[in-house]
Amino acid sequence: MARTKINYRALVKSDRVHSRLYTDPQIFDEELERIFHRGWVFVGHRGEVPNPGDFRLKRIGLCPVIMVRDGAGKVNLLLNRCRHRGATVCNDERGNTRAFRCAYHGWTYKLDGSLAGVPYPEAYDEGFRREEFGLTHVPRVAEYRGFVFGSLSPAGITLEQHLGRAREQIDLFVGLSDADEVMVDCGAHKYDYRANWKLQVENAMDGYHAVTLHESFLGVLAERARAQHAADDYKGQFEGSRFAVTRDLGGGHVMLDYWNRLYDALNDDPIPEVEPTTARGRIHFDELTRRFGHLRAAHNLMQGMTHTLIFPNLILIGVQMRVVHPVRVDHSEVAVYPVRLDWLSDAVNATRLRGHEAFFGPAGFGGPDDVEVFERVQTGLAADRLAPWLMLSRGMSRERRDADGTLIGERTDEVTQRGIWRQWMKVMTHEDRPRRATRQSVRLPIGAHPFHQSH
Amino acid sequence: MAVDREKVEQFIYHEARLTDENRYDEWLALWTDDALYWVPCGRDDIDPKREISLIYDDRTRLETRITRLKSGVAHAQEPKSRMRRIVSNIEIEEGANGEITAFANFMLAELRRGVQDIFAGRTIYRLRLVDGAFKLAYKKVLLVNNDEYIDNLTFLI
Amino acid sequence: MNGRAKIDYNTLVKTDRVNSRVYTDPQIFEDELERIFHRGWVFVGHRGEVPNPGDFRLKRIGLQPVIMVRDHAGKVNLLLNRCRHRGAVVCHETRGNARNFRCAYHGWTYKLDGSLAGVPYPEAYDDSFRREEYGLTRVPRVAEYRGFVFGSLSPAGITLEEHLGRAAREIDMFVGLSDAEEIEVSSGINKYDFKANWKLAVENSMDGYHPNVTHESFVSAVMERIKNNPSPEHGAVFDPNSFAAGSYGFAKDLGGGHVMLDYGFRIYDPLNRDPLPPVRAINASGEMHLSDLRRRTSPERAADMLREGGTHTLVFPNLILIGLHMRVVQPLSVDYTEVCLYPTTLKWLTPEVNQIRLRSHEAFFGSASLGGPDDSEIFERIQTAAAADLEPWNIISRGLGKERPDDEGYLYGDMTSEITQRAIWRQWKKMMTQDAGTAATRKRGSRTSTRS
């Protein structure tokens, strides 16, 4: 059925957005096309595949991708689809392998994707050139501190341009560690919900909901603080700008910029001393101490140093990388990967994990309440007949520029939501502009035509 | 001393019923001070110092969990899950210091907001006699789906 | 609308037959929501479901989630269940009692009349934010008849009285002439769903042709019971001829899509254990209703009606009054439907009679009963067979041309006549082909204004 062109300008205003953005399957399709299958998307971290042959199944939008480290130490992103008749060639979510062999007719691929062999090759004539039938590489792959991003479009801005100011937040997230010092081997919390993917993205950067939605978490924090005679004002920190601001880093990357303890406060005393265990770690820690003071540097290493969205779907909160996967317009999956740093002691790394578990995951004291509300929103959005708008105007008249030029607001202001939607609009309406050089090559399904491995 | 199988079973069934019925305080009262309530994440055997769990509660965290569940604003349990579980295939071993280790399989039907989920798994219990009655020192739940997407595990599993 | 091919409903619905696409096409389903459920009058609930201030029930008008709540002034409000801030439902329990509705996400709080009581940290909003503009959205038109609360999402249109027409009198009979607050809707709910189109349940409920076949097992159970236990009551007792041609019941078209099976025999309560309790009123207003009812029918019939139900009527499009229950057929998708049955009791009847009402109801209705599940089974068989659409017509010609007018001019046929089906489809087609309605309605429709 021919689809109508959607007028996004009528759906996204500076102070409000329309329900249909969360409920219309056509908009969902176009998001996949324009946001996920064209721009830079986080795929995984090197630390998930530390050894040659280590692989993980990943997704870019709905496109199945193998992230695999080859013998040369390079991390490859390969589309998980046999070039012969289209079966997935890798069927375990994670593991270690020497090659990928398709179970159907036995076509076998090396870790760099190249076609190693096919059974009874004599049936193909000379027009068949093996080097043209390797697994399709994601056309552009780039890394920053071991964070591997892919783009299904062969052309476009660089990853550095895409990340912009958000790079500093990645630096902080890993405590200035180098790529291979970050260990992503602590398991993953996985949850799904029957609602649109953007609800998780917006919520993660929403400083207004904590006092209400997470009342029970803040309540137990306060109780614990009382028991420990601590002076931390857990609720107060969400009320004004005393401890935090909302910040728009540009490009859809936004953050809650705060510097209070949150997650590790539920851990049992005594909390271990933060002491680097390697020389490199000592350099990182000294630098962090220089920037933030010893106490805050130590606290942050124990429970996380930033709270940032890398547009469109990578969330760095506490010690976790969180990836939001759109599945359908009203179904999303979320994977949460806590990370350890190889220059922290086992005791400190364990404390990071216990702090993480306090709030996050399907049995945590905070995360499930968010998930509950995503589904309540999706249900409520059905009431779209008379008043279809969601409001994003909070704090609009008191936004201001920080010294570094980023836009900031009070902790509960919707600066972050507006930043996300501004970028969303930019990407979704990009096609309307005159420049459309890459359009032909971004259509899925990929594999219909081979990409050249020229990245 | 021979293990009193029936007493162990009665304890396990009682514990199961308290969880089914969201009887938080009574359930909490079953536990010892050195309690460990553990639901591994990703697979059954993990090292909690290096990997995350779905639940890894010591006594303090367990009390916090119950405090939150009773707050009335733990939205993921408002409304509360309605549950019934079958506990079966019980095997009992006598351990050191008079502790008893029991193993059981369970199947749980859990319903919230019109959606009924089935959870299944194996539970390992460590029971200790305190003043003539069993207390729960350790409960480890090996969920069949601990490596899958789970939307909500905030009830007592 | 939505840039889709316009459906020609005149080619799908003929006087004597209906194309099965009306049960299977998702676009037709969307059109139905828009033109029937989101425009006309739709039954939402009964006052008796929310007897006390703060009592609420979650409801729907079409697919729009609605809170039905009684406020402190005793008024029953219909509010869209959606926070005006970021769209979460503000009420998440299906029923209960609340002092206000507080959104769990950011804490915006609404009073029982829907007005915005407060938002946390309001200083972030500037002067242009006026609290009175951000109450929960009210269903634009709400009206009641004997405590039956109807809503319309369209701000303009015919009145509820005009909509109900002759069907209002069947509501009178259903509640035994009780006033709004004398009706209790507190005896639980039978809920069932089926994987088929909603209209199958609507048509079936007013089909006098199927009972002797679909419900053969129920009919024989009743006959067995009557044979072994001749009832002490004098009311006309159900027999196999009740649902045969020439029965003393009739199928009747009340106009406006409202139809009924008009019969005077007992069906459900013969399965109860004897002796049946005598029907008595326990207060003065009840005495009045009872004697009025006896005068209009007969003492025996009045007793039967109060013990097992007084009418068998469809209030178009989806409220069904059968026996002593209100039934709401809730479309959810083109091939998935939920149904709720609300048995009612009357405050002025003795507890014994109210109890026997419930036992009569259970005999035939609900997921484990002796009747209803056989109907649901048929709905799914029809939905399955609709895929065989080489010959797509379902026939509704039975009794066509043999309709007769009653004293007031309403057409009726014999019990097995499909006059009821034809009347439902006539109204359906009328609404589906009606012009998009008033300009006011169109302007408010969000969908039209956002597609370019």
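Which chain is which? They are A, B and C, in the order written, and residues in each are numbered from 1.
The working rule: a residue touches a chain if its C-beta (ideal position, glycine included) is under 8 Å from a C-beta of that chain, and two chains touch if they have at least 3 such contacts.
Fair warning: this is a prediction, and the values are worked out from it, not measured in the lab.
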| item | value |
| --- | --- |
| Between A-B and B-C, the pair with more C-beta contacts | A-B |
| Closest chain to the centre of mass proxy, which here is the mean CA position | A |
| Distance from the mean Cα position of chain C to that of chain A, given in whole angstrom | 48 |
| Rounded Å distance, chain B centre to chain C centre (Cα mean) | 45 |
| For chain A paired with chain B, centre-to-centre distance based on mean C-alpha positions, whole Å | 32 |
| For chain B, residues that touch 2 or more chains besides their own | 73, 75, 78, 113 |
| Shared interface positions of chain A, touching two or more other chains | 213, 369, 372-373 |
| Numbers and ranges of chain C residues touching at least 2 other chains | 92, 104 |
| For the chain A and chain B complex, residues of the former touching the latter | 93, 185-194, 213, 215-217, 219-220, 223-224, 266, 268, 333-334, 338, 340, 346, 349-350, 353-354, 356-358, 361-363, 365, 368-369, 371-373, 375 |
| Of chain B, residues touching chain C in the complex | 73, 75, 78-79, 113 |
| Of all residues in chain C, those that touch chain B in their complex | 92-93, 104 |
| Interface residues, chain C side, partner chain A - complex | 2-4, 38, 62-66, 80-90, 92, 103-107, 120-121, 124-126, 129, 137, 140, 153, 444-446, 449-452 |
| Residues of chain A that touch chain C when the two form their complex | 1-7, 10-11, 18-20, 22, 208-209, 211-213, 239, 369, 372-373, 376-377, 379-388, 390-391, 393-398, 410, 412-413 |
